[in-house]
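Some structures to go through are shown next.
In the two complexes below, chain A is the common chain; its partner is chain B in one and chain C in the other.
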Partner chain A sequence: MATAAIDLKNIQQGRSLWQDAMSRLKQNHLAVFGLGVVIFLILIAIFADLIAPYSYEEQNLALGASPPSADHWLGTDTLGRDLFTRILYGSRISLMVGILATTVALTIGVTWGTISGYLGGRVDMVMMRIVDILYALPFTIFIILLMVVFGRNIYLLFFAIGAVEWLTMARIVRSQVMSIRNQEYIDAVISMGLPRWRIITRHVLPNILGPVIVYTTLTIPGVILLESFLSFLGLGIQPPMSSWGSLISNGVETMEEYPWLLIFPALTLSVTLFSLNFLGDGLRDAIDPRSAKD
Partner chain B sequence: MPILQVDDLSISFRTREGRIEAVKNASFTLDKGQTLGIVGESGSGKSVLCYSLLGLLPMPPASIDSGKVMFDDKDLLKASKQSVRHIRGNRISMIFQDPMTSLNPYLTIGTQLVESLTIHKGMNKQSARRRAIQSMDEVGIANPEKRINSYPHELSGGMKQRVMIAMALLTEPEILIADEPTTALDVTIQAQILRLIKQLQHEHKVGLIFISHDLGVIAGIADEVLVMEKGDIVEAGPVEDIFYQTRHPYTKKLLASIPNTSKPGKYRYKRDNTSSPLLKLQEVKTYFHKSHSFLQSRSEEIKAVDNVSLEIYPGETLGLVGESGSGKSTIGRSIIKLVDIHEGKVIFKEQDILSTGHYQFDRLRHEIQMIFQDPYSSLNPRMTVFDTLAEAISLRNKQNNKNITPEVIQLMEDVGLNANQIRKYPHEFSGGQRQRIAIARALALRPRLIIADEPVSALDVTIQAQILDLLLTLVKKYQLTMIFISHDLSVVRYISDRVAVMQSGKIVETGETEALFSSPQHDYTRSLIRAIPIPDPEQERLRQAATTIT
Partner chain C sequence: MFRFVLVRLLQAIPVLLIVISITFMLVRAAPGGPFDSEKNAPPEVIQKLNERYHLNDSLITQLSDYISNALQGDLGPSFRYPGRSVTEIIFTGLPVTLELGLYATCFAIVIGLLTGLIASYRPNSWQDYSAMTFAMTGICLPSFVLGPLLILIFSIWLEWLPVSGWNQFNGDKILPSITLGAAYAAYISRLTRGGMLEILSQDFIRTARAKGLSETRVILKHGLKGGLLPVVTFLGPAFAGLLSGSFIIETIFQIPGIGRLYVQAAFNRDYTMIMGTTIFFATLIVVFNLISDIIAAMLNPRITYKGKN
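Now for the complex of A and B:
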């Protein structure tokens, strides 16, 4: 076997889908940029206490709403509070809502959708009808109900939002699983006698990740805005705490007189959204071996 | 005076990997009433060539690098979009490969037929409708006045292709381009459609460009033939020259690869009469339910497999042939419990598969493995070859994980793949190589019985021959028993020791391969065998003449 020199070392090293995905992700500059921004935002949120030049609740009524200046980089709100500081602190709530609520939605949605789509038949029928019923419940009533039963609690808020957002995720996952389920490679591993959970984790889930990741990156900004809506109803965070959502909805009210109160929080959210989308698209391509540029 | 003249036509595609030349310096002419056959394997550029004649190529990524297409003293490549649109579907018509997708499912066929007449001929609705009915009658659709109001899904595949032909001929075109018009059809239907195309072409005196990968079909229909390989026209000439005085090595290779129905296969197994069957099906019935709603428990039953009994002896290869919907695949899937059997017994190695418990069956399962039709969907796109094969090996051999790598390499070599490709993903392989991987995966479990469900139907003819020979070698080497399911009788004859013919869920005839092919007993078997096109122009003409008389 001298002619067919087999690179044994190369073979034994093996490469997993994830290692491959990481190396492909690194080649995608836009995605790396997105990842960088997201990490940067998370760090800012964690160290808000150290960075913030002012206190988020300290009012300066004499100052009132002032445009950006050397003292107050992004200006102040109508109560004279530093906008930069409030955005910093707001990122804590907003990112936490975004990440935790989406994680909840992702976990429930993927599990539910996978079981429903993979088993099919009557199980699928019953599970999807439950989803339909939950869809039909008015969202606010559902959350108010949760709040009434469990008391108002910021973590419960995350859970409540997640508990609503998973419905769409479950539907997307189910339809993806159903189409993968009909692929012949699933039949092949069934006839090889692979246990069901390994079929799902090794063969089904990796193949539905693309749409799931894309939908996740769309869910996060949606969830961040949803929080502001709940706060507006008095169900979310309470003043003087701030979140991006509440800053934006306050900014809308005073848009004509003090436009910076809308522009800066909205800009922050947009940058986050873009970064997440770049990252999401990058991840989707990275986990698909077919997109490799060799 | 040719009606179509193509000169030095070159087409390329821009892709991420760079420029791909799909058609290189193609030149040919087409006369009135003549049939030009274009043969080639997938990727040879035969479809691209014809699509470019009608301006149907997406540009970009496609671009025309050089050449002229002269039709009616005009260069179609330089003509305005408007004038091409007027020619397309009017003076040059096209029939596509898949009749299932080339008709709009939301419109009645009448609406679709009338449309082309009102657009191109400026007819009013009533007269267009009369003309449509007349043309449906012409393509042999019974009861056209009623059929004209049906939707595409209400018609069978053959009927739909007839509608497509009617539609293509409605405007009385001068040129008809048929892109693999019978590839998606069953062999008996294919014979009918080919006869119809030929007869109509004769009546209407159209110039026909007929694209096919099937040399048997080409032998029967074409006057002139172009053989294409990787964008080049490697050989061109009258059909007899191509078949009898073949010059180019590629054409020779193509002709040599066809499993010829008139010649028997290589491997013949002698059955030991004393041995007991490895697998026995006893009155197996597999029904599918077409349920209507959630609450309605009573539903329509489709008898996919209807009372089938079969015995397969160790070491033999049983060919299972039938047309689409005959239930041949369902039998295969029933044996390995991919679908539930309604009634009957499946006995493997003296054990009733259906009554064994879950865990026992998993062990038996390793001994029965399946090879699937579509190599593009039978491998997980997110797993490397190594992972795919290692997974199968570790299922059989749960303790010893150390020796997996040498075993994977051994398997790769068994199926003729280079072990250096072990870390590649399925999409980096060609169709034939993927099928080899699928075969390796099935072998990894050291099965006794292989169920091969149309394993070569999705492959080109030269690749098909390689895979068939690989299967024969492996069957011998590992003393495998095989059920070979196929719609293609020539392939079945090449590989099988015994053949079972299926029709609508029932086995109508079984017999030793040669006996069955030389003297078929059942009418259906006879009509199947008669319908196969022979890749030899003279014999094919004789066959066609014989079938039209009967």
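Now for the complex of A and C:
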């Protein structure tokens, strides 16, 4: 009798899907590490003005490039600018790209995928053919083309990157929406006469949140990488602004004499990408335990 | 099978037409004409230049002219290198880029398959974990970080290999090929592991083992064919990545391939060159996707030939 009572108590407390996912995530040390790094990065990006020991453009030509020291923790570049400060401000650009471009991708991808998956039929076929065709386009090249044609505007860059990354999101959302669309409770709410957009926002979208969150976390590092790639080529962020990509590119030019100018920005970028990927993988395993790795 | 190939070929045509049109329109939408930098040129000269390059025709005429010329392999004259055609410039850079891509692909396949097979043979062993850590590093480390780091270590500190160049010094092809191939080696490794683990748990593998076949034979003959399917489907899109990867690698190592030509054209605003290379890249990518789809269909009889993904 006693055990039955305890069981009943446990059942009453219950555990939601999200609590379950959280506890699984906490067991994944790499993912927790990734989460920690990401939170740390967001904080230093927000408070860059307060943390930075020097001003962003402050030059000290007399000092020139100096190795890491007590005054300049990560050394200075050839113009005597503090590298730590510049990496700090670079994190703003990288995270801004990561968030804004991913938001663009998320908005287009979820809208497209939901409409396509929910309506089905001919609409679905046309919309997915369009995605197929876009998939075949060499997008990195198009972004470079856009940057050349319309000048190197960072908001255009954000938008262009986001406009490229929505395709996979649209496919994932579509397949999820389709499987939910065919479930009986959707037939039930349709027969109750709920308007279509209410069904979608109230009964469909909340149920695909898991995969969307997972894929979003996995999109962010891709987006950050793309921005760094363009900035490295000199086609992204323009001086005097700096992003991690442009810092690495400057570091490469002088790596023979001043290797720290390459090593620290490279390290920052790599650790960030590692952390975001670990977090994304961890979330995927936590939210959808059935999905195998690859 | 023939029908499948035909359908895929027909799908490729609208893709290429769209690529050409978008590229053309984008470049035309660019502020400023191509001859704006010719300072103090008399209007008559500009007029002559515009006539010479048919810039006074209507946009539609220009586009259809461009498409029909492009189909015949003529991508127009380069704005920056007078007297040389874009096609000619592309074909001087192409062999270099293809050679680089070939070495990188070989490196990626050999290393990727090896590590993937080792990892899948003993899942959750230390071999598995170290192979997968290697793979994760390869995926997360961008080529523009890996390349300079390799140069720093092997060329500047150890002085084993040359810093840059292509076909100029002994061993100058090693670092660029490794840098370009590393990320793909990592993906192939993960895909091989995943694919093999799935196949090795299937019934026909158990049957093969029950027949008393040697473990090598089971894995290499029965497992590999199905297990490699994800790898083959990955190779087509990977080729697209190899091309855009070549932008970075060729810039870092100063290799005279089309990747560097493209980046230079982007800096010089050499519009015809940019259009030409974009279209050329797109064609290559579409062709390679097509090839990898066909190979995947041949390897896996369960993929229907109706053009479904």
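Please note the rule applied: the second predicted complex is superposed on the first by the 169 of 294 C-alpha atoms of A that agree within 3 Å, B and C clash if a C-alpha of one lies under 4 Å from a C-alpha of the other, contacts with A are read in each partner's own complex, and residues count from 1 in each chain.
To be clear about the criterion, a residue touches a chain if its C-beta (ideal position, glycine included) is under 8 Å from a C-beta of that chain, and two chains touch if they have at least 3 such contacts.
Please read all numbers here as calculations on a predicted model, not as lab measurements.
J.: Contact-wise, after the overlay, does A:H203 reach chain B, chain C, both or neither (first, second, both, neither)?
T.: A:H203: touches chain B, not chain C.
J.: For A:I46, decide between first (touching chain B), second (touching chain C), both and neither.
T.: A:I46 sits against neither chain B nor chain C.
J.: Which partner does A:D187 reach: the first (chain B), the second (chain C), both, or neither?
T.: First partner only, chain B.
J.: Would you check which partner chain A:I287 touches, where first means chain B only, second means chain C only, and both and neither mean what they say?
T.: After superposition on chain A, A:I287 lies in contact with chain B alone.
J.: What is the contact status of A:M22 with respect to chain B (first) and chain C (second): first, second, both, or neither?
T.: Touch partners of A:M22: none, neither chain B nor chain C.
J.: Could you let me know whether more residues of chain A are touched by chain B or by chain C?
T.: C
J.: Taking the superposition on A as described, I'd like to know which of chain B and chain C A:V123 touches: first, second, both or neither.
T.: neither
J.: Under the contact rule defined above, give the chain A residues that sit at the interface with chain B and also at the interface with chain C.
T.: Correct list for chain A: 292-293.
J.: Please output the residues of chain C touching chain A within their complex, sorted ascending.
T.: Spelled out, the residues of chain C in touch with chain A are 11-12, 14-15, 18-19, 22-23, 26-27, 29-31, 136, 139-142, 144-145, 148-149, 151-152, 156, 190-191, 193-194, 198, 230, 240, 243-244, 247-248, 251-252, 262-263, 266-267, 269, 274, 277-278, 281-282, 285-286, 289, 309.
J.: Once bound in the complex, which stretches of chain A touch chain B?
T.: Where chain A meets chain B, its residues are 4, 6-8, 10-12, 14-15, 17, 125, 183-185, 187-194, 202-203, 206-207, 287-290, 292-293.
J.: Which stretch or stretches of chain B touch chain A in the complex?
T.: Contacts found on chain B: 16, 294, 333, 336-338, 362-363, 365-366, 368-370, 372-374, 377-384, 386-387, 391-392, 395, 405, 409, 418-420, 422-423, 425, 427, 438, 441, 445.
J.: So in the complex, the part of chain A that touches chain C is made up of which residues?
T.: Those residues of chain A that touch chain C are 132-133, 136-138, 140-142, 144-151, 221, 225, 228-229, 232-235, 245, 248-249, 251-252, 255-256, 259, 262-263, 266, 269-270, 273-274, 277, 292-294.
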